[in-house]
Amino acid sequence: MSELQELVEGVYRDLKSHIGEGKIADYIPELAKVDPKQFGIAVATLDGGFHVVGDAETSFSIQSISKVFTLTLALGKAGDTLWTRVGREPSGSAFNSIVQLEYEKGKPRNPFINAGAIAVADLILAGHQPREAIGEIVHFARFLAGDDSIAIDHEVAKSEAETGYRNIALANFMRSFGRLDHPVEHVLGVYVHHCALAMSCRQLARAGLYLAAGGNDPLLGNRVVSRERARRINSLMLMCGHYDGSGDFAFRVGLPGKSGVGGGILAVAPGKASIAVWSPGLNEYGNSQVGAAALELLAHRTGWSIFGS
Amino acid sequence: MSELQELVEGVYRDLKSHIGEGKIADYIPELAKVDPKQFGIAVATLDGGFHVVGDAETSFSIQSISKVFTLTLALGKAGDTLWTRVGREPSGSAFNSIVQLEYEKGKPRNPFINAGAIAVADLILAGHQPREAIGEIVHFARFLAGDDSIAIDHEVAKSEAETGYRNIALANFMRSFGRLDHPVEHVLGVYVHHCALAMSCRQLARAGLYLAAGGNDPLLGNRVVSRERARRINSLMLMCGHYDGSGDFAFRVGLPGKSGVGGGILAVAPGKASIAVWSPGLNEYGNSQVGAAALELLAHRTGWSIFGS
Amino acid sequence: MSELQELVEGVYRDLKSHIGEGKIADYIPELAKVDPKQFGIAVATLDGGFHVVGDAETSFSIQSISKVFTLTLALGKAGDTLWTRVGREPSGSAFNSIVQLEYEKGKPRNPFINAGAIAVADLILAGHQPREAIGEIVHFARFLAGDDSIAIDHEVAKSEAETGYRNIALANFMRSFGRLDHPVEHVLGVYVHHCALAMSCRQLARAGLYLAAGGNDPLLGNRVVSRERARRINSLMLMCGHYDGSGDFAFRVGLPGKSGVGGGILAVAPGKASIAVWSPGLNEYGNSQVGAAALELLAHRTGWSIFGS
Amino acid sequence: MSELQELVEGVYRDLKSHIGEGKIADYIPELAKVDPKQFGIAVATLDGGFHVVGDAETSFSIQSISKVFTLTLALGKAGDTLWTRVGREPSGSAFNSIVQLEYEKGKPRNPFINAGAIAVADLILAGHQPREAIGEIVHFARFLAGDDSIAIDHEVAKSEAETGYRNIALANFMRSFGRLDHPVEHVLGVYVHHCALAMSCRQLARAGLYLAAGGNDPLLGNRVVSRERARRINSLMLMCGHYDGSGDFAFRVGLPGKSGVGGGILAVAPGKASIAVWSPGLNEYGNSQVGAAALELLAHRTGWSIFGS
């Protein structure tokens, strides 16, 4: 067994007794049904190695982690004009806060708060019907993960669409400032569907490799984004990837990462590896409690923190 | 001439025509007197190399850059209990905003906004008279820079003390929430004096080496802080080092850094180098305009971004 | 000619040269089509006297003035439990601000900001289909005005429904806090229709008489609301009837009043008269510029200010 | 015994069992020493009648009620230019909030929140030393009350000066926006002293008569302010006299009023009477609990509400 595999298993072992801790997201009824006693880790290294442990092959709702992929896609389509629609500063408040949006006249602070991801979905819709845009996103996730079995969980999408009043409020609010090009229902249709992508830790770690590898898919050799853009997406993940707990995550883990309320986190160790963890219970900031602890141990033991070994 | 020296000189050359751009801070009268047409760069590498160009030997008012040193000092005294007094999240607003302080009942968001640095100064005062605390900070700066000539510019300190109504407001506001242990005048006395430290780019780059070297002074071999604490200070610099322009700086430069309204910026390339730039004109976020551009070019050309080469 | 008729005509004459000043509301396209050069005044006294001048017989879109009538109706249905849904404090911000709504967890500050009127519409819907609720409101307006010709301008309602993204945002935001009992579309359907009521100054002044007469219709002798409730509605009009210009209106005019973006204002002189003015151009607070000036002169010349003659 | 005297005694009797309820202000140590079991009412009518009951002759700290007198004085000195320094809109937040002050660049919303009263004190200082300005205010209070025994409680002033960090913060914050003409210590010196005026209900009711009588002192026949200015001060008291409980007070009592944290309230029934109540325990908004209840009963039984009898 490789040293890294041992290290990953050690992290799992040390946290096993905490599995089930935290609070499952219940504002999307379909998510509330998930068994909290699950925990998986997958580490994909640039040389093609995969190190997995626990429930790393089980699909879960990636939710906001999908915003990393839609941002990548939208940057490919709109280029840096995207930044006229969305800022790149941390928000200093909750993921679905509407306050800052009013002060800043409908321009979201960054692409990872809900309002920002809604603006990104609007850009992806350019020239498309909602169904096509959703298809394009699924296609992109499959391409990144090299796995055509990846799909949207339509029960989750439906559940979120039916109860996501806050997101409907955000989107209409942005629309009132003239910040959306497409009908609110279309934009939110795309949004709730990409949030409902179901992936396993293994698939997610595989899909994130391009961010660890300077924009290139290190296994197939395809260029996904430019080297500079990969760096910049990483910087956004670090600054804004964990809502109002981003500073805490940077402080403790020291890796760019993006969490989702489904309990998953995708983290990037530039030049080294892409890491996915999953455990449904959330901490006070809405990020996976056991997952964040796993990343903290992992970063500590590997010395992968971007802030110094 | 070494490759790095050439690179540093190239950056200087490419920006030379921009020297003088930006707007000099004028809210501290003494600072407004500085000649805007100055620009220096100093890069100190872990192996003891120094690469300087331009006005790198000229002393300037380091202002908020001093907050990195006072944070280091206060962590040494108070340990992690410091985090019960100060948060570690980006503020999402201006450096001297009082709004968030009200919502969060007088607890500053992070140690680099003014309110946070005031809380740090309060901790350094524990068991000391103001004069002693100021002496301790000067001593620490000299120790880090290995240069006993470093001193406070008392004209600047006086000028700031006389006109810093916003800081008096912040400190009294925190006091009204019971967040300060010492008299407001003592705390602000310490604060304005450490902000008035005068250092050159060379001295500053030297002083920051411990953050690039895992907490150790690589030239003398002294441990300044633990490896973990050095990482954490770097993460705070990245998240919060440039006020409401921190996201932009991370996006463009990709290095932990701390700016001051005197036009200086200290940046850290973990495992590689400590970098100081200085040019008085400020951009819209209150950070050195030419200095930030220099760091962007430097990070790009060296591949030192922490988000991937 | 009576003294009051002369006084009303004098006010009209003194302001004639200002007719057309101010800015017509253009966020509802249908409203933007109104001829700005119109100005009417109607004063209805408790003894049945009517004093009208200018365009006092021309119907216009009463918009937010209708909130006085829906509040009256909802209080009749829900009684004082209404105040568990809506507060009664001035908002200190714009009529459609969403900020305070977030801090106060979806409970609107008062029934006259848009969010509050949406909550009131939700209460009127209890046990009704939207069509029935709208019918009941129209019926009530006709009853108050003693005029069965009063109707909704469906072009205006349609125009507002199609472009009212901010209101859709507000309603969904409240829904996300569990503050609405009915589907958002139903509630907004009722809201945009009652805002689209078309009435003349004469009809409006007649309809407001119950507020000047202690809750009784002084012409027919019907009790509309209790004496105490009439007083309370008047207090709410004074405190919150002109959005963030309520203090200015109280200061200058000194009468409870409610304005609408159509350029109308209904004002109440308790024990004396009900007054309606109309002129489409709005001032900086979104209230009729010439209309507010007319009320100021009228209050001054009649000595009807509630703050002392 | 007159009818009004009976009515006043009836109110006292009906509330007697509640004396002592509410929470005494304890942020000014000296105020916390007051015996909570006190309750007085004084009604002064325009014809010179006085109707008192309970502890109406006991002096108490009038605190913010003094802002009515300083506003009157400052308007006499500065005229309507005062409104370039202070707004006249309700604040929609707590009496000592600093948030709105930041959004509105140091201009207080109205003269009755602390920041506004500080701006008023700054105006009274024009051409004066602090001692003179304080003397002028004491003199004015004596003149209004026709009683030369009125004085400042220096223990209270000292206590407030030593612990009023929030007010020091507010004043320095305004100073940082260039909103004060005089040194912060001078302005706050005047402020804490006028807040420390000690008066009885009888003196206070007497002093407020000019506001009930169109600006004239009805007993001596002196003009204190113009008729229009008296109306306007009344409108400000109604809109802003009870901090974020102003709407509630207008709704329940329906009279212009100004409360103080010492437990006093001065209310005005235009054309009828000036009323002072006092009982130290405060309700959730920081206004006298038993005092507000007394005014509610009194307004109800006399039919003096300005919103209709």
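Odds and ends about this structure:
In order of appearance the chains are A, B, C and D, and numbering begins at 1 in each one.
The rule we apply is simple: a contact is a pair of C-beta atoms (placed from the backbone, for glycine too) under 8 Å apart; a residue touches a chain by one contact, two chains touch by 3 or more.
Computed from a prediction, not measured in an experiment: that's the story for all the values here.
Any chain that touches chain B and also touches chain C is listed here: A, D.
Of all chains, A has its CA centroid at the greatest distance from the CA centroid of chain D. Taking the mean of the C-alpha atoms as each chain's centre, chain B and chain D sit 47 Å apart.
Chain A and chain B have centres, each the mean of its CA atoms, that are 32 Å apart. Centre-to-centre spacing of chain A and chain D amounts to 56 Å, using the average Cα coordinate of each chain. Multi-chain contact residues of chain B (touching two or more other chains): none found. If you sketch which chains touch which, the chains form one closed loop in which each chain touches exactly two neighbours.
Here the touching chains pair up as A-B, A-C, B-D, C-D. On the chain A side of its complex with chain C, the touching residues are 97-99, 102-103, 165-166, 168-173, 175-176, 184. Those residues of chain B whose C-beta lies close enough to touch chain A in the complex are 87-93, 100, 109-110, 211-212, 214, 227, 230-232, 234-236, 238-240, 244-248, 250-251, 254, 256, 270-271, 305-309.
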